[in-house]
Amino acid sequence: MGKGRLEAFSDGVIAILITIMVLELRAPHEADASALRPLAPVFLGYLMSFVYLGIYWNNHHHMLHAAREVNGRVLWANLHLLFWLSLVPFTTSWMGEHPLTTAPVALYGFVLLMAGVAYFFLAQALVAHHGADSPIAKAIGSDRKGRISVTLYVVAIAASWWAPWLSLAVYVAVAAMWFVPDRRIERALEGDGTG
Amino acid sequence: MGKGRLEAFSDGVIAILITIMVLELRAPHEADASALRPLAPVFLGYLMSFVYLGIYWNNHHHMLHAAREVNGRVLWANLHLLFWLSLVPFTTSWMGEHPLTTAPVALYGFVLLMAGVAYFFLAQALVAHHGADSPIAKAIGSDRKGRISVTLYVVAIAASWWAPWLSLAVYVAVAAMWFVPDRRIERALEGDGTG
Amino acid sequence: MGKGRLEAFSDGVIAILITIMVLELRAPHEADASALRPLAPVFLGYLMSFVYLGIYWNNHHHMLHAAREVNGRVLWANLHLLFWLSLVPFTTSWMGEHPLTTAPVALYGFVLLMAGVAYFFLAQALVAHHGADSPIAKAIGSDRKGRISVTLYVVAIAASWWAPWLSLAVYVAVAAMWFVPDRRIERALEGDGTG
Amino acid sequence: MGKGRLEAFSDGVIAILITIMVLELRAPHEADASALRPLAPVFLGYLMSFVYLGIYWNNHHHMLHAAREVNGRVLWANLHLLFWLSLVPFTTSWMGEHPLTTAPVALYGFVLLMAGVAYFFLAQALVAHHGADSPIAKAIGSDRKGRISVTLYVVAIAASWWAPWLSLAVYVAVAAMWFVPDRRIERALEGDGTG
């Protein structure tokens, strides 16, 4: 079975998710610049979620690029990933309204955690279909970054009970780890996540 | 006539439908976890409709994969299917607000029923175009699952008058029948639906 | 220049337009079936606009299928068409609220008229690029249906001042003319439109 | 790495942005034509942003057409461009409500400025990947129009403090410069922007 439609469908869903989040940024009724200040946490939340969805799109792009074809299990593993990503606008909106409160910050991390786990299942489904010696299995490898991310999300969720700002810092750090292709940062963060 | 644009257009519509449903999940104004509890039925409705739209996308993917080309009748049969699917966010939203009330539960089933019938017409249009001996005719076969589903939707709509929770159980069962590729479940449900 | 992205972009815009219109169908707060009755005009308006956008997508599909390539003028003629189509959700929403009132009914027809004119310009741009002897020039031909439609829209807009229901009937008739591939209906309507 | 998915994803995002802007055009509750008058600035803002997004889509189409392939830096440069474009519905909505007030007019220009800069970075990333002698490097050239636009946006933002209508005129002029493929207009505007 060809992978073209799975890519096109995932592109469509991620493109829509990235764009409907901006609907949360409602234009203020006042016309002066200070009216934008209350929007700052919503805007920063949008920026972070945009970067996270961009990272998922990039990684999805790379992983599927290495795949030859897909099967039914891969289709559902992909839909499972898209389901968790589809909740990002909801958690972004809640956290944007309460940027330093336990429940919204923890839920934001929980959805990232589940998306990370879903991505791992998708990778497993692709490796199972192509074989352990296939190029895609080598491209995915041990998926160290993915495992560090999942660990850090758990840490961030736990931290949200006593210091939500620390959870936010962890979310930013995980995004930076994926964004900046620097092996030293990755290793530094690994030490952090397991410490 | 090529099938590429029909696939792309259907992917687009289903991707948007799946994503705009999540707009119904509005972030609560309170910041504590208990504020999420009233959203539970809306969330479960979203989950069910996500799975249904995922099933339609999967089946559409498989059926069109077996098609060589399309004609005007197929284009309109496809738009007819997309029309009924486009009403899923509306029925999901109404049922999410009144999860155990006759009218919303019956209407949810009615739209599923019409989508099932529209899918059947689309399959017929494809078979008529490719011929009864074509690979697509064999791939569709007697479409037993489709006929079981339509029967079960009728049962569920009828049941909504005296036991809406039973209708919901039937909707879950039909989704499970498509989701779980297990022939025994299919047969068990068939006995249920005709009984 | 390839036509693939123009097709993909147009598919995307039309798919989104068709789907966001359904957001106007807001689930009623009451749970009984009679609460759906006030939605009837909105629903019928949605149905009509869905069919119109479906007709445009079908015709666009056929016309671009006959094209070999596109140029800058075609890109802008296509965006011009998409601009008028993008106003359909707005006019549908206004007419849905006031289904038998002059201004909303006339504006609905005006946007259809401008979309029809924009489609004509797109066809001209494609013919100019491919040459008068090209397959696409033959496929478009004299575009009699298009000219009948534009004439009928003008009639319907004029009629909205004294009988909005007649305008609605004309909109339905034009949609039927495109939907039903029957030359006799086309000729009958032609007699109607010029009489 | 192929460029197909980058094109498809960008098409999706721009198609959605162009279409969700129309959601700001809310149908008035009154049914007479005069009820449309207060919508005029919102409509004109929508028209201008539609043209701007159309210009970006056209230019993106042309630039990627000349590209052979993409790399990680190009993917992120493209996401960066889409981020700024995704803010256009927000600034359009704010400016539509306050069409002649400093802050909304300046912010509208600021987002256009950042999108222009992001487009420049994307072009640089593509040239760096393909080499200075590649067809894409020649196609982009000195990107005079792009540099004129960025200069004019800065002028318009500055002008918004004492004459917001002048800023609007500059936004219209920049759009016209891209829309009208006339070298004399380009040169005339260049004189304007540096004067």
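Lettered A, B, C and D in written order, each chain numbered from 1.
The rule is simple: contacts are C-beta pairs under 8 Å (C-beta built on N, C-alpha and C of every residue); 3 or more make two chains touch, one makes a residue touch a chain.
All figures in this text were calculated on a predicted structure; none of them were measured in a lab.
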item	value
Per Cα centroids, the chain farthest from chain B	D
Interface residue identity across copies chain B, chain C - same or different by half	different
Centre-of-Cα separation between chain D and chain C, whole angstrom	28
Between chain B and chain D, centroid-to-centroid distance (C-alpha), Å	39
For chain A, residues that touch 2 or more chains besides their own	8, 12, 16, 20, 23
Touching residues on chain D, where the partner in the complex is chain C	7-8, 11-12, 14-16, 18-20, 22-23, 25-29, 31-33, 35-36, 47, 50, 54, 57-58, 61-62, 65, 179, 181
Chain A-facing residues of chain D, complex	1-2, 5-6, 8-9, 12-13, 16-17, 20, 23, 72, 75-76, 79, 82-83, 86-87, 89-90, 93-94, 97-98, 101-104, 107
